[in-house]
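One structure is given below, represented as structure tokens, and several questions about it will come after.
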């Protein structure tokens, strides 16, 4: 009797592993930028219900997204950057779809006592030339620089649009918007940069640059200079039939006005300007 | 006085060793020994500690296999059991053993006795109960435990545990029982009871017992072998060994001059 | 300062130190529970999570955590038991066995992110298993094995070798004696090892981010066919565990109430671990009593 | 002996087969675990060595340099990858955490095995296990919200650095060390203690002179296991260490550990790129350090063995 009881238990435990051989077809794996992840997840969930497709969205960062999609390990690679801007990625192999725009706000701890800075002052702060808030009209408090980690897309965009090639001073690096948010809110004199969606926490001050407020409207006409596209990359050689359908779904007006707005992104269709790989901005011919 | 005096008992021989030696690595712990143990008799092995008597005993049921190299022959019922082809597990059904420190399983009294039996194929519950009863009776433990066989063996006293080990061993109905200083960890009363038990067991088991206790050997054994520094000097009826030993070394030991 | 006084001082020093640790634990627990419990209502536990809107629950994440724990135990316990027994009973006492023991200790000191990436590159990418419970379970197995194996080995070595002798003398093979006689005696310490190991992997996040993934597709708990993607039993679906969910809420979380949900999730996670410990203790004692016949 | 029993003596029985199978299975389990460990070590080593062989990072500069910026090249064209800050960060955090945790876990261990009543022991045991249940993420954020502001108030600066890292790790490795210390102390036979007391020693003398002395190998292994755990911790430390790859000037200046640098950067680097390989070199250093930990523990354990 004892033997049969053990055998039964064993079978019961092994049943789930049988599922291991199933690898169903209509499934989409999306990996990459953590900034684009919430959008991809929410759109993926709604698309999944409508078309009975399972869409798995993972984070991992822009670097992982781009390298995995070039190796065809995943269907879509999310990235905050142009593939060309990332060393070691062969952009010719990839198809670029811009699905949204993300504005990056400059945030400081409420103790800084500063509401507005000029672009040059901002550049000098991050270059380490200005080290105390009183030099820009704030309280007498040392400035604490908090960067995003080196490979992050947000950091690349910020440094391209603000530093114009000048190196940034050393300082603390955090690898996620969440920790930047918490640390700037908690550390007196701290300054950093965050995507709009993350910047609207109560004890965070959103700096104006040259009198321009970090709003979506100011991004559409490039009054607010610090912004970038959110890209979804496909591998040219992969079977992208399902992936293309999903991207069209995201670029459809219905999604661009609903989820995109809710999550704090800016819709592609509202943009009056475009930005190329080296950050130059061009007027879009009357949309 | 002779150099050695090894007697071959006249009765039927249950087990005998031919030129058996035991080496721990390069050290020869036991020199060539030739002993023949009479059937259904108690043979005691005496000698100072380290004289090789336990080593000899443990080689009989191949308990020394991994630890030492045993050469020579051990003839049991006409077969040389000291060779690799022998199935050691089957062999130990025929040659049981009880150790110095009582080592009952951490199970109930009933399970202690039936566990090995069930493993060797005795499945029928009714038959098991019967064997448990007869073995415990033979080990003079039945009356004390018969109404609570499910009690854990670890709750028994030292003496009771040792008798449980006896019951467990005889439950397999071995032909030979090896006892390695079985009473050295017991109090005098349990020791005396233990000796009575093995005297009764003599009818259907050949018993070979290692002991430090000279009086025990004299009282309860029929034959006695005297070991000294890894060599058997004398093997004869216990009465001769203790009244007029032929070998001077035995005489010194028996009269307690050393050892 | 005679010995008597030193003895008294030592006793008080030890007791104060134990009290300090107890205080730290209570402070930590109360900090987590006070922040977490108010919004960890029952329906919070049985609601799916929300990406944007507030009021999301942790139903799928909690299920994934428990399911992953069970699966990784199903894989690692037999392996650890086998290896533990081999090292304690059969392995020859030579340099090779000592080398193996050191290797196992090294496995336990590997940082979780390194193990996570190893399984990610090998299992998720190269073997095309993809982000799934299976990959997560394999990653967690790597954490379970060293702790379980060394605890089991110690447990077997701690058992008095006379029990083995007793079994052999009755014509039982070493394997049968180990399985039938010695194993039951080690059950309590094996259960203890399982508790310690599961406590650790229940809170593991770093390794799972790259293996069992960060997305929790909505599950239909009625559907028990392990092949369909919405069934909870399917091992090929990505499964964000509770710990990963807490990590995601605090790093990339855009949900409106991410702080509240993460605090509540932490509280739930600790309570589940506490329940798990108590249940495992109870089970351990019962098993020991049944197997060794002690009343 | 009946004839049937006699020939059974000569042939293999269920027992022999079963025993062989049992040995083979357990041997296989042990080999699986060993191959798994070797595979991971080989994997980390091969990726780590790539940084030195393929990307020409100089080993000397790697171990002594204090600037970590693998993306850029120095004068000789070698990537600037000085991992000294991370090594010091990792060691600083681990040693400090172990330094704080050891006395406490010894105290609990001794209390549990020598002084505590059965009821107290039943209470403390789950308490210790509960510590292991708390996920490192929760430790990280509690550390960020509680410990960092306190260190900032007490010692100024940003509140990040080795001290908060060590405090968080102290709480995390306490259960690991304590449960192993308790295990070792319990293994010391009661007779040792009785012998000491019989000779008129006070309780503390019996503990200090006999019990602790006899369990030194176990205690050291426990500490090593705790340090190994602390050394490998990533998420919790990353929250409070400050993540800046700079040499720590004091206990509260932001720095980085091998693990925090690895976790925060790996996601954003591309496989086989210089930055990625440099991170794997860090992982290799991490691995070698934990190897050193184990060998030291073994050596001390052996020397302290009961003679």
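To keep things simple, chains are lettered A, B, C and D as they appear, and every chain counts its residues starting from 1.
One rule holds for everything that comes next: a contact is a pair of C-beta atoms (placed from the backbone, for glycine too) under 8 Å apart; a residue touches a chain by one contact, two chains touch by 3 or more.
To keep track of the chains, here are their UniProt names: A = Phosphate-binding protein; C = Phosphate transport system permease protein PstA; D = Phosphate transport system permease protein.
This is a predicted model, so every value here is computed, not measured.
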Reaching subunit B from subunit A (Phosphate-binding protein) through chains that touch each other, fewest steps: 2
Most remote chain, CA-based centroid, reference being subunit D: B
Two chains joined by the most C-beta pairs in contact, as defined above: C-D
Computed distance of Cα centres, subunit D from subunit C, in Å: 17
Rounded Å distance between subunit B and subunit D, as computed from the means of their C-alpha atoms: 51
Gap in Å, rounded to a whole number, between the CA centres of subunit C and subunit A (Phosphate-binding protein): 34
Euclidean distance of C-alpha centroids - subunit A (Phosphate-binding protein) vs subunit D, Å: 35
Residues within subunit A (Phosphate-binding protein) bordering two or more other chains: 34, 59-60, 71, 175, 179, 182
Junction residues of subunit B, two or more chains touched: 89-91, 93, 119
Numbers and ranges of subunit D residues touching at least 2 other chains: 15-16, 141, 263, 266
Pairs of chains in contact (touch as defined earlier), listed by label: A-C, A-D, B-C, B-D, C-D
Partner subunit B, residues of subunit C touching it in the complex: 160, 162-163, 165-173, 176, 180-181, 184-185, 291-295
Interface residues, subunit C side, partner subunit D - complex: 3-4, 6-7, 10-11, 13-15, 17-18, 20-22, 24-25, 28-29, 31-32, 78-83, 85-87, 89-91, 98, 100, 102-115, 117-118, 121-122, 142, 145, 149, 154, 158, 171-176, 178-179, 192, 195-196, 199-200, 202-206, 242-243, 246-247, 250, 262, 266, 269-270, 273-274, 276-278, 281
Parts of subunit B lying in touch with subunit C, wherever the complex brings them together: 61, 63, 89-93, 96-99, 101, 103-109, 111, 115-116, 119-120, 150-155, 165, 168-169, 172
Interfacial residue positions of subunit B with respect to subunit D in the complex: 77, 79, 81, 85-87, 89-91, 93-94, 119, 175
Contacting residues of subunit D [partner subunit C, same complex]: 15-16, 18-19, 21-23, 25-30, 32-34, 36-41, 43-44, 103-104, 107-108, 110-111, 115, 124-127, 129-138, 141-142, 146, 171, 174-175, 179, 183, 187, 201-205, 207-208, 224-225, 228-229, 231-235, 258-259, 262-263, 266, 283, 286-287, 290-291, 293-295, 297-298
